[in-house]
Amino acid sequence: MPSEKPHNKVILVLGSPGAGKTTLIEGIKSSGAHKLNIINIGTLMLEESEASGISRDKLRYLTTVKIRALREKAFKRIGKMSGTIVVDTHATVEKGNKFIFGLPINNLPDMGNIAGIIYVDATPGELMRRRSSDTMRKRENDDIEVLNLQREINLAVLTMYGTTYDIPVYILHNKEGELNKAMSDFGRFVEDIISNYSD
Amino acid sequence: MPSEKPHNKVILVLGSPGAGKTTLIEGIKSSGAHKLNIINIGTLMLEESEASGISRDKLRYLTTVKIRALREKAFKRIGKMSGTIVVDTHATVEKGNKFIFGLPINNLPDMGNIAGIIYVDATPGELMRRRSSDTMRKRENDDIEVLNLQREINLAVLTMYGTTYDIPVYILHNKEGELNKAMSDFGRFVEDIISNYSD
Amino acid sequence: MPSEKPHNKVILVLGSPGAGKTTLIEGIKSSGAHKLNIINIGTLMLEESEASGISRDKLRYLTTVKIRALREKAFKRIGKMSGTIVVDTHATVEKGNKFIFGLPINNLPDMGNIAGIIYVDATPGELMRRRSSDTMRKRENDDIEVLNLQREINLAVLTMYGTTYDIPVYILHNKEGELNKAMSDFGRFVEDIISNYSD
């Protein structure tokens, strides 16, 4: 395992399920002259786990130890990529009031150079309305109290990342009915991260 | 000081005074085949300080340095225990808007293997009503603003533990008049922690 | 670079712009027999940057890397000072929903011995009313949502400091029309920090 410094710039995009991360990320394929490489941690972990025959629905039911191993592989794959990488993932995964942390602080450097964090924020009401029309996955525990808790915990998580690794944090409230503004803000934040970052 | 890896599983139970931690913990003596060893950090620190003639009421008035020394002894005693240990303690102690952190992040490993954290949550109203009938100790500063601050700080504390040591966090709202549900949730969380943890 | 242990006691005073930090700090020049050395990180960074012809207004528009270098110099100057030092600074600087962390966790020890943290708190309404009469600097993004976000992030930041370095945190709500009480609380907190701290 040679410990060469990675040459990538990683932009972490975090937010609760239903906040609209994926929509915003899919709307942006490049920033100025910079082609963006979009990576979904869940998908990467799914690829890593496919050999063992574990389906996506079951991913969140795995034991902590199994999730840890898959995650480490996913992070290290990102660390080997070059260019500007937009990482779509969760600060926390919640199920039945149990919160698991998606990106433990000591594993972040495995991904390479984190240049900025964009948190896609939404109110509990917005999250619940978006989730109810989401037929892709079963959603649980969507009550307002838990959504507020998750938001508070997520904000503490990204504060930890920011103050530990001196990473700027951008908070984008993806308001209902204002997708165009959100997309424009998202593009601006990505551009700001790229132009301010230097190795 | 030999640095053998401890063989215990520690479950941290945190919450503001009046949240109901102790009631929930006392209601659970075992989980499946696992006998639980219940430890109260305050009691442990009291035992450590007894020799010096310091009473429990005075514990929270000690200087930071003295508290640190007592705490370190208590944590290391837990680290030498085996089996599944449920630790009853505070994320923060508040007195007159001064917050002291009960479990500094670098001292946590002294206790051994932290397998999970259960936070017993309550609203300011619930805390104040429970505290007013608590004749065991004098309570101060019970106004809503401070209780909300302490809750926010506590949530940030356990987020730090979770994301630093990759520990799952369970949040249990101990609602007024729903003690049976709270006890059942508590039992389920303990079981989940034990069954998911592997060294 | 000899690594002598610094002999200072540092009191960090944090708060959003408009919370009233500077007013409180200017009202206190000594605590009992202790003369206080008041330091403003922004002023120190300005002094460090003056040679390069960068004005104060432009400081917050510098790239992350330039800010980092100025900050490191400022922190290390504090680390070489002796006596009791009251440091006036920001947990976060916010501009257009971008949050930069003023005091990355790993840089704190550069300042010496942090004996205590005082957070000057204010509601979004109080902040907005105080800022609108502040003609010194242009203020942006003063809406309630962002001010609440910044407060939450600030509380998580100081929780990190407290639980990482075992520093007590004091929260002082600087309420409108109650400046005398705030100044008295501030003096009491400074005194408590000095009397409890031992190297």
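When the chains are written out, they are named A, B and C in that same order, and each has its own residue count from 1.
Operating definition for what follows: a residue touches a chain if its C-beta (ideal position, glycine included) is under 8 Å from a C-beta of that chain, and two chains touch if they have at least 3 such contacts.
Here the structure is a predicted model, which is why all the values come from computation and not from measurement.
*Asks:* Which is it for copies subunit A and subunit C: same residues on both faces, with over half shared, or different residues?
*Replies:* Both copies, subunit A as well as subunit C, present different residues to each other, with under half of the numbers appearing on both sides.
*Asks:* If you fit subunit B onto subunit C using only Cα atoms, how far does it have to rotate, to the nearest 5°?
*Replies:* Copies differ by a rotation of 120 degrees.
*Asks:* Per the centroid of Cα atoms for each chain, what is the distance between subunit A and subunit C, given in Å?
*Replies:* Computed from C-alpha means, the inter-chain centre distance equals 31 Å.
*Asks:* Multi-chain contacts in subunit A: which residues touch at least two other chains?
*Replies:* 152, 156, 159-160
*Asks:* Touching residues of subunit B toward subunit A in the complex: what are they?
*Replies:* 121, 152, 155-156, 159-160, 162-166, 168-173, 185, 189, 192, 196-198
*Asks:* For the complex, give me every residue of subunit B touching subunit C.
*Replies:* 63-65, 68, 97-101, 103-106, 145-146, 149, 152-153, 156-157, 159-160
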